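My questions will all concern the structure given below.
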Amino acid sequence: MITNAILILLLPLAAFVVQISFGKRLPRKGDWLSTGAMFIALFMALSILVDAISTYESNKVLAAQTWEWFSFGSVHVTFGIVIDNLTAFMLFVVTLISALVHLYSIGYMHGDPRYSRYFAYLGLFSFSMLGLVLVDNFLGIYVFWELVGLSSYLLIGFWFEKDSASNAGKKAFITNRIGDVGMFAAIMILFSTFGTFDFDGVFAGVAAGGLSDGWLTAAGILLFFGAIGKSAQFPLHVWLPDAMEGPTPVSALIHAATMVAAGVYMVGRTFVLYSADALFFIAVIGTITAFMAATIAIVQKDIKRVLAYSTISQLGYMMVGLGTGGYTAGLMHLTTHAMFKALLFLGSGSVIHAVHSQEMDDMGGLRKKMPITFWTFLIATLALSGVPPLSGFFSKDAILASALEYGMRHSGQMWIFVIMLLSAGITAFYMFRLVYMTFFGEPADKKKYDHAHESPLTMTLPLMILAVFSIGTFSWGWFEHLISKPSLAAYGAVAAVAEHGGGHDDVAHTAHTIAMISSIVVALSGILLATTVYYWKKISAETWGSRLKPLYNLLWNKYYFDELYAATIISGTLWKSRFLAMFDLRVIDGVVNGVGRLTAGLSNVSGKVDLRVVDGLVNLVGRIVAYAGARLRTLQTGNVQSYLLMALFAVIILFVIQQF
Amino acid sequence: MEVGLNHYLALAAILFSLGLFAVVTKKNAVTVLMGVELILNAANINFVAFARFIDTDLDGQIIAVFVIVTAAAAAAVALAIVLNLYERLKSINLDEADSLAG
Amino acid sequence: MDFTNIAFYIFAALTVGSAGVMVFHRNVVYSAVGLLFAFFGVAGIYVLLAADFIAIVQILIYVGGILILLLFGVMLSQKLTKVDVRTESMQLVPAVVVVGGVLAVLLLTISSTPWKLAGSLEYEPTTKAIGRLMMTEYLIPFEIASVLLLAALIGAAYIARKN
Amino acid sequence: MLFNFANVLTFIVFGAVFVGINITLSRILQARNPHPVKLSTYECGELPEGDSWIQFNIRFYVIALIFLIFEVEIVFLFPWATVFKELGLFAFVEMMIFVFILLVGLAYVWVKGDLEWDKSTAVPDPALAPSAARQELTEAIAS
Amino acid sequence: MPVLNANLTLQAAQFANLPETLQTILFMVLGAAIFAGAAAVLALVGVYLERKISAHMQDRVGPMEVNTEIPVLKNIGHGWAQTLADALKLLIKEDIVPAEADKKLHLMAPFIVFAATLAGFSVLPFGPGLVASDLNVGLFYIIAISSFVVIGIILAGWSSNNKWSLLGAMRSAAQIVSFEIPASLALLVVIMAVGSLNLGDIVAAQAGGIHKWLIWWYPPFNILAFFVFFVASLAELNRAPFDMPEAESEIVAGFHTEYSGMKWAMFFLAEYANMFLVGVIIATLFLGGWTSPFGDFLNSGPFPVFWVTLKAFIVIFVQIWLRWTLPRVRVDQLMYTSWKVLTPFAFVAMVGAGIWMML
């Protein structure tokens, strides 16, 4: 079991290393190498998943292995791998989607000058994502967290000759880093109190009450900051729409399924840490993100941006799920969302590949041209909107139920459920708007329409596989059984958070049924609205757009977040730098120049002094000596007797002096 | 008044100053030498006077003998020099012998 | 013994007078004669100071040796035309002042210092005692005196011979 | 002891007085008629001519010098002589050293020719040499 | 001189009433006067003797004519009063002092010379107690006094402003000076033998007959010393073979060329007194002084004085004898004898005697 895990982890790394160094010289530039590696990893992950399901025991740790990583002083940092049901699922999901994206990229990226490097970066990303999932300690998670960030930066900015791509890469990386700082702080708080990075160690410590409530909440929130950055939650979501600059398979893999889900996984993995307040905070953020992203998605013209905002919204959903205590719901939605969102992105990729443009205005009526893409796209959209038989419905419904339940338990928190319900409706609306604008209606650009053609098999095969998974093989029951909410009790916590202890009492049941009904209603109404506006053209989008001009502008400009950030942080930094420059220029330079001038002044003063005083003195001494010499010379008359006289005179003087 | 040590010393002092005066003022080299001899005599009087009045044994007198002997030697050499001076300057006036003037 | 006092004053007067003649007289030969009587006076003083051997030595060497030498010096270095050789003297005033000062200094010291008088040497012959002392206690100076004389002799002879 | 010296003094004074008496006596008695010629310096009758410039000659000085040095030696010798017998050999040796050193001086002066009275440096003038005939005569007499 | 003593005591009695010191002074002056008178008389006798002896040596008679009418003295004959007459003549003779001469020094010279000569007499012992001043440093004093004479001679030569007299003076001074060294060295032998400078002691050491005379002590060296001293003293007197300075044939009359009359007489008197002085010295030092040659016989009463004068006259006779026999010595030969003959002999005598005594 462990060897499989290690292999899964190292295969993409090996592929990356070989690809990056010998890529160009390999036949077909080595695309078969990384894709093959991923498919082997997929196969192994599948075997681990089968093991997990066959044992059918919730939260069972299948295997764990730790190695001595490094030690400084008395602290021994270990590095280990742990595989339990959650890891198994995640492994499966990541390897599956990664393999499919590799396959899809062969077709999509065909002819790209840096073809081999692209595959190398995909390998690196897969390695870091798998590592993140497998690792069993905070430091390890942080390391892989950064690696994931790095690979996303490389992939977003893959076509770095495009300014927008490189800017987007930088923006993504920096925003992630801002989040990571919070995460790092949290890790440090935990490490400094518990002295170890291991999850179990920390959780045992927390269970033992090693950390005061205030600090626990703070650690939880700070840890969640990392998730906000990585999963593009409310304040730090701005990078995801721009990340669309990268190639579409990349968006599909990273910005739909895996990386963004890492945040949710991390919260799930460290779920016991979060105190009630922290969970509430997560829920609030999740709600805000969901609603905001959904509303922006409505007005977007670019197909990938719509999907990006929908991803942000769905991530909000997952966060709400976790925040409101629906642990299993949140995680289940993660897996299902990964499947159909990857499908949607790959579908849009093939559309873009065909139409060579991302603007929905250029598209339309592609249904006939690209039947496979159309049908797989339609299935994914239905799943996303939460239409019952599909997997999306089950996970979204569970989240809404837990939100409702949370609302019922905590009086005054009902607004979360309401907003979530509304955003579910909006989701359905903009998804179908997208479908109609691309596949139905008249082709806006004739020439593009004629040129459009169905994508080759390498691109359509993954679409079909993903479509199968989106349909919903998942039933709520066995998934919930496998992945149930861990609690501090497992770690010996005495005062465990008891509100969900009662299992499925009546509150939960009623919340469940209400949530199911309401979600179906909302979904259908959203679909209906979309079709009336875009399919039957009863209501013209433009008139509503113009009538609700201010609202439209607001949404169109993405709530002016970019401008806001630009204004505050960026301009602030610029301003600060300008101030520093000015300060530096004026004060420091001033001081330096001042010192310079002072020294110069002093030196010429001393020069003058030296010239006048010292030279003067020296000359004076010279003159005195000369003068004295001249005077004394006369004393030497050459007459011995006068010398004697002088000597005697001196004797008398001495005698006189001696007397007094 | 009983002639004591002071009298002799006073006499010696007077002789000394007279000799000194001669040495300092006289132009004639030989007179200067005479002055020197007078000074030495004054010194000798002191010696002998001390021998008599103070340490009452003959040390003073022996020193006086040696002084006389040295004076003799000095006078001999000095006069030789003076004669040489005469040979060169055709006169033994000391004020003309000032070639070492500064 | 007022006789010795009188003798002292006589000899002192003789010495100082002749020394005065020697110093103030312009004629060198008169100075020489003055010096002669000064030496004779000093010899008398030695006699009064109970130093008979020294008195005779004084006469023998000073009068019989040095004075003759000086006279020879005078004779040999004068143009005989002008018998009375004028010897002017120079810088009189400063000399008088300075020598006066020195005299004052000497007299002052003499009068001010408390001499430790230890009686006086009685009058009795000193030749034998000097002879014995010379040979024992003062042997080294005695031998050095011989070397001194040798040097003086050779030196003076050499210098004299040079011209 | 004082008495003896007083005696010596009186002898000296009396000597002077005696001369004084005679001279004054003769001055009283003598005829006196000074005459320029009489008063001129006596030149064996000839007229005194030229200044009495003696050929400057150092040998008088040298003689006096040597005399002085040996006089001093004698001054040292006399007291030694008086106690010679009592002091014994050691004193004798010392004195011999003293005398020897001065003899060295004498030898030096002797060898250097300072003692010769006439520095016969003049080379006998051949012209003045007696003629050949004269030489034969002297030899004849000598034989 | 018993007469002398008697006379003195007589005088002393007379003046007993005077204060004691004045008495001694008077006594000394009297002694000095007697000696001066004796010296003058002896000098005159010396002159007379010299003229007579030299005459007889040259087979001639010498001064015969001068005589007096006084009965007793008249029949002595032989011109005994010749020198007396000369003295009286000199008394009257005009004393010429050259114009350019230095009057004062010219006058002073004879004073110094005669005073020095007379001073010599005070030390000579004429009898057991008969000595004017029994100086402990007697012999040394005699040598010292001779230097005064030299000064006198130089002054005489210098003051007469006559190049002959100056040259003469310089020469005689050089001569006396250079002969004084051998003389002194010779005396050393005597002092070493006797061990005292006092002439009285020296004579006492020689008492007891002719064989006791000092001349015979340490045979060769004392005789050598005697010989050296005798010759040196001759030279110091400017007499006999060494009378270069005032030799007639040479530079006129040496330093007393410009002297005449009484001053010249004084010089002449000094010279002969000096001669007598030397005679007595030699007698006392080498010939036993006032001791009689026959041991104790004839040794008492007036005899000591007699013996001294006899010995002195013998010495004088020899001197005069030498004067008229030996040819005059040239100046350089003079110096030669002094420095290169007599001084070495004297040193030899001294060293020899010294060593002899040591053994």
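Should a chain be cited, it is by its letter among A, B, C, D and E, assigned in written order, with residues numbered from 1 in that chain.
Definition applied: a residue touches a chain if its C-beta (ideal position, glycine included) is under 8 Å from a C-beta of that chain, and two chains touch if they have at least 3 such contacts.
What you see is a predicted model, and the numbers here were worked out from it, not measured in a lab.
Within the contact network of the assembly, the step distance from chain B to chain E comes to 2. Judged by contacting C-beta pairs, the busier of the interfaces B-C and B-D is B-C. Every chain gets a centre from its CA atoms, and the centre nearest the mean of all protein CA atoms is that of B.
The most distant chain from chain A, with centres taken as the mean of CA atoms, is E.
The centroid of the Cα atoms in chain C and the matching centroid in chain D are 23 Å apart. A separation of 125 Å divides the Cα centre of chain A from that of chain C. Inter-chain centre distance (chain A to chain B, centres taken as mean C-alpha positions): 120 Å. With centres defined as mean CA coordinates, chain D is found 139 Å away from chain A.
Across the assembly, chain E contributes residues 100, 135-136, 140-141, 143, 161, 163, 166, 170, 173, 177, 180, 196-197 that each touch 2 or more other chains. Each of the following residues of chain A touches two or more other chains: 639, 641, 645, 648. Chain D has residues 1, 5-6, 52-54, 58, 60-61, 64-69, 71-72, 74-76, 78, 81-83, 86, 95 in contact with two or more other chains. Of all possible chain pairs, those that touch are A-B, A-C, B-C, B-D, C-D, C-E, D-E. Residues 639, 641-642, 645, 648-649, 651-652, 655 of chain A are the ones touching chain C in the complex.
Per the touch definition, chain A reaches chain B in the complex via residues 632-641, 644-645, 648.
Taken in their complex, chain D has these residues touching chain E: 1, 3-8, 10-16, 18-20, 22-23, 25-27, 29-34, 36, 38-44, 48, 52-54, 60, 63-64, 66-67, 70-71, 74, 77-78, 81-86, 89, 92, 95-96, 99, 103, 106, 110, 115-118.
Those residues of chain C whose C-beta lies close enough to touch chain B in the complex are 4-5, 8, 12, 15-16, 19-20, 22-23, 28, 31-32, 35, 38-39, 42, 45-46, 48-51, 53-54, 57-58, 61-62, 65-66, 69-70, 72-74, 76-77, 85, 87-92, 95-96, 98-100, 102-103, 106-107, 110-111, 115-121, 126, 129-130, 133-134, 138, 141, 145, 148-149, 151-153, 155-157, 159-160, 162-163.
Those residues of chain C that touch chain E in the shared complex are 2-3, 27, 29-30, 33, 36, 52-53, 56, 59-60, 63-65, 67-68, 71-72, 75, 80, 83-84, 125, 127-128.
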